[in-house]
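Letters are used for the chains, namely A, B, C and D, taken in the order the chains are written, and counting of residues starts over at 1 for each.
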């Protein structure tokens, strides 16, 4: 051998979407150099005996609040939380000010976050102006994120500004996205519906406290039937346009949405994917009552989510990370309709997911597919990432399936300083988060430095 | 026999949805008294030898322009045209000023039209204000007609005023209609989409002439994909609401609409019906090029319509009657996007339909189902009307299947003074239009007097 | 009026598949002359005040054991039982010796039964020899009945002789039946399967008593999965052949059969109909334990039957009449596998059915469709029979929905002398059975004389 | 490194079901030791520059005629042909005398073939006696092959003896196979149907020559509708039994079979797989007319086969190898119904398949799935074989996609001495066939010695 490997991960069991097997992994120059062994010469060795070695897991729905709302989170704190949780790759969703809806603002965001990331990341372009989509795509947007929504009280101004409610503009965004070969990722909604019914039955009656909000959520008012109706129209437009549609927030929407996506995919053959929001499957009533405004949803129908994994409706999974400060959300105990909504998820995602694996809800092979290979394929980054294969980036999430833990606010790296999941116990957690061959977090501690994480451009990026 | 029958129709062949058979029909006091024979004593006899006796055919989509646009049409001219064509029962759609969206305006309309009708009629309530639906229903509205649309140039002010684009209000209209047990009949649309694409590709480019318009129609811009997207959302809302939805303009919409309705009906079990617009199946390119702005649609995909009859997607058929004056529409040769849109159909409906029967497209039994029994059932008027059965109203459309004719502008009773179908030849036409035992039109001539037609209230009408 | 009507049925409520309405019916020369009224002059009047007037109900699955097993039943006793029960038209299934599988034997059977029938009747041709099908059809066979089965112990020799197990011959029978335009009605089976499993798990283990038999029935051994597998193959052959297939014994077969028929009808568009055997929905465990070998089936999954009515899988309903003598079947208490199998049903059919109507399981309109119009249409006798329409045969089943009764062996007109339903109470029963204008049974008493019933030839009968 | 690798395959492009990438492969002790590189020390190196490295491809449908018909083929000649063609693993189908239907005969066959195989192999147990299935499974049967068929003229005595036509026995074989956890692989048929129709329309009319036979094939007589009907019944039995069914000869059967399998898999959720016979997609009319009795099928509907790959109906692909001597089949020019039927395929399989890849019909990733991973998984040999993964057997098919060739009888290693594909030109062929790290064929020449190939026992084999 001409030169020793930079890193060898040894004695572990590798889990891919199709198989589980024991093999060592040798890394050179940040890439997977070889799988198998024996790999005798290595600058560094990680002993994964008794551990599960997964392809680096993606978090596809991060709101790291940069720029504009960095008092809630910034790319450093957000990506640090993700890294410690076991995430190797983040896709950041744009909903801040200024929004990356123009080339200038996209480039500004790229520049701002470059020194801060602990893990690799991609950035959505903000879909607002059809005419800027081409420039965003060439600047490296991983996809075009469209907010087909407004908050019913517009208390969340950055979403309202980004809201594309005119279906003519939505369609032109689809055309432009299709022409660049990217994925259009859409938060669907029909806010008129949501607004009217919610005001009528809750706000206008003075029922605004956190439990009233959660009741309205479980009735399909907040984040409810309006999302499904918006999806219904969008699926049709996407089909006649020919754009690759990526449906966000499956699992949050009432299950009519699942039926629609399944029908589009399997009966109509439409090119549509979707990500399943795990939060609605994990957040139970007790936790919801405890954290109140620190969550905006809970598991009123979790089986619909698990079914979506089994029957192929869901392509990816994620635990959305939409952080706010305590000061932002805690007034929600009194009026949850008037505060910004979100859950924390970057750090809690993998432990909650591994806990579900331990409960038999899905397998580690499923995780490798849903949280690594599928997003890498859909966003065009496969086989650079998302797979354990020679030549791929040496991204790994190494997991100890027997490690137990309890979420504590004081352990959270997010700037929020709290966890929506505070006090919940889990079994199964990441021991090593490895990005391009470098350990960036280990045993719950951040190891790497900000700025290590690299920007991963989308498929239409200029050379 | 205590007293002679008022009328006996003898020697004809009766066609019902399920059967064709020879029998005479005896009428007493406007009702069918007996079917069969021999009925020896009768004040009047109609010899139907060689003719087809159908249950009185309904025209379920009339715009008789009363009040407010009576220079285009009024209830007398419109219902006269219908009577001469062979129609015994009209449902009038509200899109004039003042609209029958309040009790006062509905009652005013009832009063205005009462002295004018040649055939029986029902009146939709105008769905605009959820709070007035109950009063409209109790005043006799046959259903609630909702214009989920606006004309892209708002040149048609009465529709714009009636447009319910806010899905929250639409949903509340569904709730109110459901509570009264009526049918919500909806012209679906998503005018933002239509407007943006049409302006972009036609109007803003100066392409506004009639042929450009028709090109835009065949591309799914005008009366196109926006309608399907609006339908997609509405079907979902109607399903979760539990309202009886009646989809208007099937056949006008691109055939994605057919798939949606079929899926809702047969896979999801939704209580949804729809009426198929025959105009798009009969209007061919040559006629469209000839009449230009005197039609707004043509048969770019007629087979989709015939399929909808065969596979049970369509429940009813109609040839919409949406009359305008020549002065209104003829400027459309230059700019068809800026003039009101419509086709004439009241007088031409039955001859065009019988011509299709002669061509083997459907049977007289199908006609009895699609144009009589199905609307009578859906609107709750069965078995008072829609059926040849003792006790039912003695409404009949008697047809000579071998009678040939050519539509001529000068023969039209509509105030428009023209026919969208001018010059087209048909085989098969009504010989007698009989309403409650009285001949109101015979052999193309009006026989009865205005005011004979009676108002048929819907199922929620107060006693 | 030239001459008085022969009969007027007055003051009743008529129930058709699509409507219920009050009207009188006038009969002349055995045909319905007029419906409605007033019909003043009549030789005879039946007051149906408070009663339901249905089209004459068909019993489509009679085994009247003529010729060859007339000690069990003959056409007189069988048709008398049917008449008293409320049946106006019987289709006799051939499974006796000599079988009507040749022209000579078919004509012999016609001659034998002609003087005996109390109600109208049709006779299946026996499907055994492809080369004789044409002659049977021309002699008036209503359809071709094929026994694709043998009894597992061949204790029932006349079925074994008729068994068509060779699928090549079965297919040729389909071809011949298709060429004559008739329906091929098939008792499907795969007796090898049934035989092997039943012998293995029951007979060879000495478990032969009635309760062991019924256990084997509920496990899908006797009349079970073999029937479904036979159906699976037959549906395919019928489809490629293009024959009209009529599936017998739906309801007896495990519900995989329902799924197959539904798939063939609605997904593949095959021309297939089926009759639902009500016995398996009405016979409960208590009755089964009481009558033992006097029934061969019971309601282990009745909901599957009701579902088949609701979702359109079942086209017709019947309570099979397969009578045996007590001496034949009572040894079945000890060995039910070795005795002939059957239930009585001719007399009990309508009361059990009306009881189900009273329980809300189906409507009188459903009954008119499933037990009159549907069989008349499928067998090509519509509109001569199966419909209340001028010109049709004046066949009526008049029912008192409030009449209560209990089945007693001593009241049975069948030669069996017992009822499988002995002791069961019902509400709803026929008051008048009227065939071609003549009352043949009234209030549980036989009125007419044998020989009144007429042979109804199938559609391929020679003039 | 402690010791050099035994073999390194370098510079090639690896194709897996999910990815294609450049990487070297290091082999040690017959297993894949590492994938990637650099692997500096190796006893032997294969330069795969410009070549495609696939997991070792399986031939899942070999009839090597051992014992009993070794004048047609034996394990040495058959496996040599397979090796030269590019196959690394064969599954042998039992249809010779004595058949491996008992433990003794299975063990005898194992002993006979052990010294002869050039590639690894598995042996089906012969499904004839339910009571012997357990012993066959424990002796290593890869699955239980059931001939639910007989040749219509029984000219092929060894199939007739093996024919399981009694569905009771078939079901007991399913039960026994299910209990051992093995796959039941079935050649479905309904020979009565086939026999009757073929005799009637061909043989009895003296139409027996090769072209008459091929006409009967294309009409669905020979290997036609009877197979589909047999499948219909079997699918039902397999479902209620719970056995893993493997459907053989998809592609040979008329496409009703495809619909049935798709319905069972996707609508009913049945555990059923099937292998697509490529012969019917490749054999065209010209070749069929040229080779006459040297093929028994041809591509009358090849698109149905390609569709089955696209829509997931087919799980595996194969080109059946069913060799006969010229003396056996050439009399078929005169009477093809009276000679044994088959095609050669062991040697031609991979070149024909690669030709299809070059034509764009499927990808090399599809090939890796359909011809390696899928059979390995279904038969329980994954991940020992079927995958390029550390620890797996070092089986590879290395292919030069630009190598052109023409099949010539004189090049065939099969004892038949001819090819059904004689004269056909292909592009794309194996350069190296590597089994457990050893090259057994290279550039169309056999390299290894008989006896190198090892027996691969099924999942129920005793330790």
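Quick note on the criterion: contacts are C-beta pairs under 8 Å (C-beta built on N, C-alpha and C of every residue); 3 or more make two chains touch, one makes a residue touch a chain.
All figures in this text were calculated on a predicted structure; none of them were measured in a lab.
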| item | value |
| --- | --- |
| Partner chains shared by chain C and chain D (touch criterion as defined above) | none |
| Partner chains that chain A and chain D have in common | none |
| Whole-Å separation of chain centres (CA-atom averages), chain B against chain C | 44 |
| Where chain A and chain B are represented by their mean Cα positions, the distance between them in whole Å | 51 |
| Rounded Å distance, chain A centre to chain C centre (Cα mean) | 63 |
| Touching pairs - complete list by chain label | A-B, A-D, B-C, C-D |
| Partner chain D, residues of chain C touching it in the complex | 166-172, 190, 192-197, 200, 220, 225-226, 228-230, 232-233, 235-237, 239-240, 256, 259, 263, 267-268 |
| Partner chain D, residues of chain A touching it in the complex | 1-2, 17-19, 21-23, 26, 32-41, 373, 382-383, 387, 389-392 |
